[in-house]
Amino acid sequence: MPIMPLIEYAGANEEVRAVFDDIKRTRNVEDVNNFWKVLANHPPTLRQVWEEVKQVMAPGALDPLTKELIYIAVSATNGCEYCTTTHTASARSKGATEAQIAEALAVAALANKTNRLANGYRVPVDA
Amino acid sequence: MPIMPLIEYAGANEEVRAVFDDIKRTRNVEDVNNFWKVLANHPPTLRQVWEEVKQVMAPGALDPLTKELIYIAVSATNGCEYCTTTHTASARSKGATEAQIAEALAVAALANKTNRLANGYRVPVDA
Amino acid sequence: MPIMPLIEYAGANEEVRAVFDDIKRTRNVEDVNNFWKVLANHPPTLRQVWEEVKQVMAPGALDPLTKELIYIAVSATNGCEYCTTTHTASARSKGATEAQIAEALAVAALANKTNRLANGYRVPVDA
Amino acid sequence: MPIMPLIEYAGANEEVRAVFDDIKRTRNVEDVNNFWKVLANHPPTLRQVWEEVKQVMAPGALDPLTKELIYIAVSATNGCEYCTTTHTASARSKGATEAQIAEALAVAALANKTNRLANGYRVPVDA
Amino acid sequence: MPIMPLIEYAGANEEVRAVFDDIKRTRNVEDVNNFWKVLANHPPTLRQVWEEVKQVMAPGALDPLTKELIYIAVSATNGCEYCTTTHTASARSKGATEAQIAEALAVAALANKTNRLANGYRVPVDA
Amino acid sequence: MPIMPLIEYAGANEEVRAVFDDIKRTRNVEDVNNFWKVLANHPPTLRQVWEEVKQVMAPGALDPLTKELIYIAVSATNGCEYCTTTHTASARSKGATEAQIAEALAVAALANKTNRLANGYRVPVDA
């Protein structure tokens, strides 16, 4: 259960509705995810996070699919159930194959392992 | 300072030399990184990690550059100085531009942030 | 499901009852939280943690509400569902407004993000 | 050593200078911290992070000092040397006493401990 | 719900069946855990992880029970519900007492706490 | 550089000296580690942490060497340089062989890896 209620469009104020409308338009969806409905309890956070997501996840030097795979790898590292689930769905909607998702998780798993070996053995950075 | 000494080729046993030779051949380098020299204190770990790195980081459903960017994002998340430095160098040697590295870090930063918002607000997974 | 059973007052030994009594008296509650009932499986841990909580969370240079907000921020960072939920309730019982909780989470989210940018870019500490 | 060079004002482009100017004006300082000089390698990140810092760390439902203490607690949790050092300095410049910083770290330490006890024992959330 | 389906023996290919057979033979169990059924969606990961588990968790300089306790401590640190639950069961099947599990968690809790004090205060390594 | 100065015995107050004396007596050492000298800036933390270390690390259901190995595994997981270094030294002083330390790190590395696979694939807990 979330620590604050889900804010639905019908009960939202102008500021929240403007962000919800932009999310729905940008993503061409009928409703926004629970993440945005919970953030709507604090409109400045809602707006700030959405603006950042729009900017950072847009096509750039990296394509959106690669960005989703990085998102999954970090979310798995941090143990965030919500984000792992959501961004796996996003990756698939952008064309990710099951093998690509599996390889992203294999790299994340390997990095988590070698990060601890490097930190545990205190390996000095190469000259 | 590492918790165990760096093992150089000259002082290594047969088992360690075989792995060092394979690393040098596979990567076409004259010497192995400190990471491998430290792991050489425990040959089963050295061999196991190298075999996994060879398998997981090879071209597959994802190309090696994408894999390096995921590695950097996870290593930054875990605060591993050694791995962040090393894999940034690897990414560049595989053709990564500065903009690609910067965007990978921007996605990692955003994911670390939304992971905590989702966990802090206890957002329920969407139906 | 917890890895060890919840110990209720009726089935607890003298040592556990003494701690439960102190928790109930100190907090003016009728029953202790599940956290304490599970820790009661190992009385030395139960006693040690309760003594530390009493000492650290008491009014001092920081007021109890500020301490609860720090607790929430750290628990969200570590992805602890139980602690996030419990300390959000504690913060509210000490007078926290929804805006204060939301701002604490916004700071936690920002710190998690810049921590990774600083670590990923390996920013040198300022002179 | 950072993975990308520090960008000084003299060598910065218009976009970066505009952000640097705003940081210097807002904080009334003669030069920006290394964090911003490194982020200047990727102007969109520089601008986005600065806008967020300005918004989130401004006085609101929580005062700026409380926000700095939360920042320190999260940065210590994540092991970010740069952020811990910088925000301890910021907290002091906003009037934090040594006892307040020490208590913030004591709460962070306790939360990190109970987070793992709650997760390790799998304590069920209270009804 | 897992992000990929559980693969049961009946529906598995040759490669997956070979690993499942080895797990069942090595552990003398009738069926494999969900962890392996999910990894079976990506046979290279399934095989690689199982080979590593067999090697690393085998009796060596440390006995298997000590290894399980270390596994629990790390899994509690990372907040992995699945691994904490599974390895607590494994530890018990290898003879761990409740007091041993409780002490392993108490050490993990203490380490998580002092790690943050050392990182937060930036304690210099002793000469 | 620590965020607060190292407090040496000569400049310490009564309360701090009492703890330093107890550490030196208990461990039979001539001086205390930097960790305690930094915590001495906040005597309540110094005393509380030392009492906990004495209690938790004492022989019990687990022997002190096993406890040190768990400490190393958790500290490597959290990337704490100070704690990793110190507890590796402690483990050796209690008789740990290089192979035991290496195996503890190999288990920590494996757990860090499978924690992320379990979290990333969202593996359901076994019935």
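For clarity, chains are labelled A, B, C, D, E and F in written order, and residue numbers in each chain start from 1.
Just so we're on the same page, a contact is a pair of C-beta atoms (placed from the backbone, for glycine too) under 8 Å apart; a residue touches a chain by one contact, two chains touch by 3 or more.
Bear in mind the structure is a predicted one, so any value in this text is a computation, not a measurement.
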Distance-maximising chain from chain A - centres being C-alpha averages: F
Furthest chain, CA centroid comparison against chain D: E
Chain B and chain C, separation of their C-alpha mean positions in angstrom: 35
Chain D and chain F, separation of their C-alpha mean positions in angstrom: 27
Gap in Å, rounded to a whole number, between the CA centres of chain E and chain B: 21
Chain B residues counted as touching two or more neighbouring chains: 1, 3-4, 41, 44-45, 48, 52, 56, 73, 75, 77-81, 84-85, 99, 102-103, 105-106, 108-110, 112-117, 119-122
Chain F residues touching chain B - in the complex, by the definition given at the top: 79, 84-85, 88, 98-99, 101-103, 105-106, 109
Touching residues on chain F, where the partner in the complex is chain C: 44, 48, 52, 55-56
Chain B to chain C touching residues, read off their complex: 72-73, 75-77, 79, 81, 84-85, 105, 108-110, 112-117, 119-122
Chain A - residues contacting chain C, complex: 1, 3-4, 41-42, 44-45, 48, 78-80
Chain C to chain D touching residues, read off their complex: 1-4, 6, 33-35, 38-39, 41, 45, 49, 52-53, 56-57, 60-62, 66-67, 69-71, 73-75, 77-78, 80-83, 85-87, 97, 99-100, 102-104, 106-108, 110-126
